[in-house]
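Both of the next two complexes hold subunit A, though its partner changes from subunit B to subunit C.
Coming up: the complex of A and B.
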């Protein structure tokens, strides 16, 4: 009985995801499309939860749908209303060719996927992770993979985020701040911001043994910054001048430092000493959270913030 | 399965759309489709613990995707502002 109800829920989720994706991609108004995309992200988070991937669900809700949605909406707002280049409709043969090619590709991929599932089930890494979990210093397998077994990947991921941030910063000054919001919103934000910060701290701490971790916490912290910004407050809780740069590279920097320090003890890069693993992971996660939050807020500002050079020698004339 | 369908939808839209923001949105849908395939391979029934490695991969993927989206949107903003400048002159 419950099984049937759950199956129904799954079917409903799948149908909703499909419909929302189509609607988001092909809606007439772009604003509508973006809002539908945010809803799509939240429904996707539910689907992750059903597939027993709570870490991914949290990240999807906070980053994939929250931050990405905020970025898209901000980009839309920036658009100057300009003489509309009436988009020429694509010729039908182009649409048909691309559609058929994509369908062909999808069918091939489906076949490959099913074949791999059915005939080539190799040994799974998941079992190995479960077996080694006790040695990793944390009890949540996803955190263990991210920050211990495959810490390399996570270090590079922080580097990717840093590179994207540098790219955005190089492209120009920040976008203009939204005008000050009314008293209701301001009060709401005053309540919301501490709540977001506390939740971020909780997620960071709990990541060691339950779903959560640096990325989710960082995204929540960034959400706090973005909300403050949206309420019309020109600064976002970010420090100014040199400190903001220090914050942005803190994630990579501390990670590298720990990695190199473990090398000096005769181990490989990022091979933590077993007794210290839990502490070191927490240390890296704290700084990674701060760096992710700072990067996401900066990226949301969309360029060099005004406070960037305050006190620096290259202050604007 | 649904993941592949979503990825295909996203790919088709990314190629066919003409508006930069719409293309970026389409690529995000494509990404979700790919993630769904990954997570589906990790799922091993309602009772067995799922495979943590694809989960970690997808987490990394989400963050990288949002970083790429941010960069793409910044480029798009720069492109449009330079378009306007060219029109004014």
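Coming up: the complex of A and C.
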């Protein structure tokens, strides 16, 4: 009975995702499309939660839906108004090619899924992670993979984020701040922002043994800055002058430093000493969180903030 | 008995959600739609939260559900006010 009810929920979620995706792609106005995309992100987060991947669900809700939605809406606001173009009719060969590609992809994915279901033999990565979890310094297998077993990948992800940030900073000065949103929203933001910061700290800390971690915490911290800015306050809590630069490179920098320091003891790059693994992972995650938050806020600002070149006082919200 | 009460509250909450959504689709202009959705959804949310609280025994989980209730109430109230304010700005600009 319970199984059937849950299956119904899953099918409803899957159908909603498909419908929202189609609606977002085919909506008449860009604004409507973006709002449908944000809803799509939230439903996707629910789907990840149903697949028992709460880490991915948190990341999808915070980054895929929240921060990406804010970025898209900001880009829409900045768009130069131009004449409405008549919708371009796609040539038939394009439609046919895409259709066949999608069918091929669906068949390949189904085959891979059925094959994985049928052939139980062979080592499973999940079992290997569980076997080595005790040596990783953390109790959450996802964090163990991200920050220990496959730390190299995460380091490169932070480098990609830094490269994207450098690209955005090259665009010029920041966007103009939105107009003040009125007393109700200002008060809501005034007590929501501390709550967001505390929740970000909680997600960072809990990542060691439960779903959470640097990316989710960083996205929430960035959300705090973006919400403050959206309420009409020109500040985002970013420090100024040299500190903002330090913050942007802190994630990559501390990660690299820990990785290189582990080599000095004769080990490989990013091969932490077992006794120190938990502490080192927490250290990397703290700075990664700050760097991710600073990068996402800077990307949202869309360029160098006013405080970029001034060496004024250090004011972090 | 408690299960029955809880189920009744949740079904009642869902009824108000459906009523609010029908209002959102059927009503003619933004302000009356806003009125229908905010009123009905806040009542629906309250009943839903109350029904879920009866199912919980762990005080920490209860606290979390109550926190969700307060957060959603505050967010939806502020969101509704923001939409109405935007509408008023647009009207003042056009008149």
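Following the convention adopted for this analysis, the second predicted complex is superposed on the first by the 270 of 317 C-alpha atoms of A that agree within 3 Å, B and C clash if a C-alpha of one lies under 4 Å from a C-alpha of the other, contacts with A are read in each partner's own complex, and residues count from 1 in each chain.
In this section, a residue touches a chain if its C-beta (ideal position, glycine included) is under 8 Å from a C-beta of that chain, and two chains touch if they have at least 3 such contacts.
Computed from a prediction, not measured in an experiment: that's the story for all the values here.
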Worksheet item: Can A:76 be said to touch subunit B (first), subunit C (second), both, or neither?
Response: first
Discussion item. So in the superposed three-chain picture, is A:202 touching just subunit B, just subunit C, both, or none of them (first/second/both/neither)?
Written reply: neither
Discussion item. Once chain A of both complexes is superposed, is A:185 in touch with subunit B (first), subunit C (second), both, or neither?
Written reply: second
Practice prompt. Check the residue A:111 against both partner chains and state whether it touches subunit B (first), subunit C (second), both, or neither.
Written response: neither
Item to complete: Examine A:243 and indicate which partner it touches, taking first as subunit B and second as subunit C; both and neither are also allowed.
Response: neither
Worksheet item: Thinking of the overlay built on chain A, is A:257 touched by subunit B (first), by subunit C (second), by both, or by neither?
Response: neither
Discussion item. Between subunit B and subunit C, which one contacts more residues of subunit A in the superposed model?
Written reply: B
Discussion item. Under the stated touch criterion, which partner chain does A:51 make contact with: subunit B (first), subunit C (second), both, or neither?
Written reply: first
Worksheet item: Within the complex, which stretch of subunit A touches subunit B?
Response: 14, 17-18, 21-22, 24-26, 30, 33-34, 37, 40-41, 44, 47-48, 51-53, 55-56, 59-60, 63-64, 67-68, 71-72, 74-76, 78-80, 82, 87-88, 90, 94-95, 98-99, 102-103, 105-106, 109-110, 113, 117, 124-126, 129-130, 141-142, 144-146, 150, 153-154, 157, 160-161, 163-165, 167-168, 171-172, 175, 213, 215, 292, 295-296, 299-300, 302-303
Worksheet item: Quick one: in the complex, what on subunit C touches subunit A?
Response: 74-75, 77-78, 81-82, 85
Worksheet item: In the complex formed with subunit A, which residues of subunit B make contact?
Response: 1-2, 4-13, 15-19, 21-22, 24-26, 28-29, 32, 35-37, 39-44, 46, 49-53, 55-60, 62-71, 73-78, 80-81, 84, 87
Worksheet entry | Interfacial residue positions of subunit A with respect to subunit C in the complex | 181-182, 184-185, 188, 192
